[in-house]
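Okay, so chain A shows up in both of these, paired with chain B first and chain C after.
Let's turn to the complex of A and B:
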């Protein structure tokens, strides 16, 4: 019984990790808290839904496509909106992304209505037995894919020229400028990568759970929680934070009841913020 | 100085005379504006003067609303004792949570307050005394219909005037100078002997006091409260947008912002029922881009306002 709860928690945790990865990247590099993050997750989920229901494209196949679309949208948003205020007071960027969230969510409500939808893949209910526990196959696939995408991101950030430029911009803005890094472009690309990661999370979410235009709000908050638990400034932070949140939620709701899910996650969030504000991994300043 | 006193007096007198000219529906909208003006001005104390951008101030409003409901239903108190207690609940909550949370700075403080509001909402949704998600009813005011509209208008106006007076006094006190010093440079403030922890917590607690009052008025006027509308994050953002729009760190700014934004959003929702939130989102984006210092900066008249003014705001903070 307990192993089953643990497995469920870990599998959901992988998805949380993927969700938070984009937020953590944007926050770490540009010092922007993207309130619209959940809206991009929602858009990713809807891209998958429409490709599936209109053209019959399998979600796992359409994943790169919805990521590419959201990369482009994110790039546009940063390049033509956020870049203009990125150096202002912190709550200015917060409010701006909130305005973007309002706009996206309500446009989605207008065009797609508030109906709850679901991507019903034929293999959705498949599962297998492992060490006396039931492992849902799709959740496991989503989990593995989340890890794979994290690994790719890890590689890009640490080994590629683009990754070096992003890290340079994040560490020392003026020096990066002097060294010839086009900061505005790097910011736009970073934001695009962040929204593409959100879209990936949205795609996987849409296979597992019902979706609607307002689903993003709570996912933004969950991404905050994961980012804070893991700690900013490391690539491993969101991964560890996501797995911890997934397991703690699963164990906690199993014990107290599912209505306590949010109370549990926000309480951990506050405790971590107060007692170890740099997160479990304690990223460098 | 004298001139601004006279202007303020005239504004308050006009506001006090309004119920004699307005119908009940308009008066109700005016009361909503006053409640938002109280919230935005309370936010201004912690966010504007102290420089700690709280994204969870709605928590005080929600707690005030629930405190009023519990005082009136479970303790059988009258409205005014309940109002007073609701404010005190907000103040105490602000002080106690402020001690640990106000040690965080910048983004960390902003999202900690957001988390605090969400955690409190989740708690209220699960507690027996607050009746969870089914919500609580409050006693119906034993006044006539017209009289009760006026009652809520004047109570809100009274609280707002007291809040503005308190803020005015605050700005002339040691506490107020301390808060502004903290906003400008907290480490320097600390080094000249300002007890920053005490000052910041007091500011947060003042913010909580008046937001708590607003919650109690809202709850009694509404007659029914639920966790979702009274703890909605979007309302925190609305009060910040009002403060930014009017001018952060100015006495009347948040009130002016509340009037403009509420009137605008009422007009928009009357004409475009479905898409008024889309308009609101657009307004937020435009204000942040072009007038981040608020309308009070424009009306202060120190410089010419033209295309150049708006472009300058954009140029300054871009990469």
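Let's turn to the complex of A and C:
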């Protein structure tokens, strides 16, 4: 039974990691805590849902498409809204993203109603046996995809010109400007990448769980916790944070009971803040 | 200068609001009975809240078409006054107060869910305005000696009674049962009521666990259910959670003889979201569209189901039927009392003995309906009442996920 609990936790952790990656990136580069992150995940999930239910596009096929759409949306939101306050006090950006969250959620409620919906793929609940445990196939696929996207992001950030510009902007704004980095563009692109990652998480979420317009709130919180646990300013942070949170939650709820899931995740969050304020991987670069 | 503009603005606002205030009651026609209702148009309960709104409107239209409510030889039309409580209890009770004090409604209809109904019912009691509600079944609503609250959902403690009786009659006997419930007021009462009852009927409870309302991941609970070897799994939760639970039961290959969930299996959304996986899942309800009772607003249950489907395009479930009954009870009680006096109407409601499409309505002394629940099962994309048997046989045990 313990192996099963561990597998449940790891697979969930992969999804948490992907969810938090976008938030961590935007936070690290722009010092913006994006309260609307969960709403972007929700939009990604709905993009997948509509593509699936209206046109029969398989979620794994539509993933790049919904990521591209959300990249564009994020780019617009940053360029024409957030950009005006990006240098302002953190509370201003908090308020703005909070406002964006309210707007997105309520528009979604208005147009799509609060109906609980589900992307119902034929292989949706498939599973296989491994070492005496049951491994849900789609969760495993989501997990692998989360790792894959992390790896791509890691590569882009460390090897490409774009990645270097993004990191330079986050580490030393003035020096980056001097070196010819177009900071405004970099911000918009970073925000776009962040929302595209949210869309990827939303797509995977929509295969695994039912979706509704208000699903984002708790996901923002979870992403926040994962980001803090993993540590800001590193691409590996969300991955480590996500896996830790997933496993701790699985083991914890197994031991204490499911009603305490949030108690467990926020206790971990507090402990990390007290003993490792920079997160598990934080402060090394 | 600034203060002048401010005071000018202020006086304008005051004048406008004064005009609105005095003009307000003037618009209201005299021969109208106003029913006030603050319920969930938005927020996490709005999906089920909509079922009540649809039904209240439908029933009121029907009553008005048929001439309205007769009081002292005069025909009154019913009028609904709605507010959106955003699914929040504090907001809801504030709006109920507004309905009474500002909109001057004659009587109240309840919101959806037990947690919201409790504060609302307390406001109703404070102003001595009768409230008939069709969406809250927790005993915590009815255990406060509140004389003004009447509910048309049966006692939460008894929700799974019929399921346990059904299990006793089946072979193989599912002796080991798991009870899983959300940690809100209603489901807590269901869970604890079932826990108290099951051992008396000879069942062993191998797992008794609650989860946080709105939870999406049940892998931990399902893993425990599997390792405890539960043969029947009873879940008290909400639609979204139910869909998750069933899907993840399949993911983790958990196949008890019976999997029953309180809210979800009766709703069209549940079948739409799960597709074929909804088959064989059991549910409970105080009512099913397969029943047939003579009604007052509608001829009988079957004509109601037919007309409802035609108008709204979805199958009514027990929420809808309960709401229809609420309106029927008001019509009956007001006509019986022969006055709009709230106290007299309250006394008339307490004495209700009425045939409705929801079944015979009589109230217990605490204001809750005398009633039981039935066992339902999803079969071939449809929901059927299987206990008490009305001609559709249950499939028991549920076939394994990989043998369907």
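Just so it is clear, the second predicted complex is superposed on the first by the 283 of 285 C-alpha atoms of A that agree within 3 Å, B and C clash if a C-alpha of one lies under 4 Å from a C-alpha of the other, contacts with A are read in each partner's own complex, and residues count from 1 in each chain.
Basically, contacts are C-beta pairs under 8 Å (C-beta built on N, C-alpha and C of every residue); 3 or more make two chains touch, one makes a residue touch a chain.
None of the values given here were measured: they were computed from a predicted structure.
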Contacts of A:75 with chain B and chain C, given as first, second, both or neither: neither
Which of chain B and chain C A:143 touches, first, second, both or neither: neither
Partner chain in contact with A:16 - chain B first, chain C second, else both or neither: neither
Partner chain in contact with A:46 - chain B first, chain C second, else both or neither: neither
Partner chain(s) touched by A:84 [first = chain B, second = chain C, both, neither]: first
Touching partner for A:4 - first (chain B), second (chain C), both, neither: second
Which superposed partner A:103 touches (first chain B, second chain C, both, neither): first
Which of chain B and chain C A:259 touches, first, second, both or neither: both
Shared contact residues on chain A - chain B and chain C: 106, 259-260, 262
Interface residues, chain A side, partner chain B - complex: 27, 31, 33, 81, 83-92, 94-96, 98-103, 106-107, 110, 173, 183-184, 187, 217, 221, 224-225, 228, 259-260, 262-263, 266-267, 269-270, 273-274, 277
List of chain C residues in touch with chain A within their complex: 42-44, 46-47, 50, 183, 209-212, 214-221, 223-224, 227, 239-240, 243-244, 247-248, 250-253, 269, 272-275, 277, 401
Contacting residues of chain B [partner chain A, same complex]: 47, 53, 55, 100-101, 103-104, 106-108, 110-112, 114-116, 118-119, 121-123, 125-126, 132, 233-234, 237, 240-241, 244, 274-275, 277-278, 280-285, 288-289, 292, 314, 316-319
Chain C-touching residues of chain A, taken from the complex the two chains share: 1, 4-5, 8, 12, 106, 109, 113-118, 120, 124-127, 134, 136, 138-139, 208-210, 212, 214-215, 218, 250, 253-254, 257-262
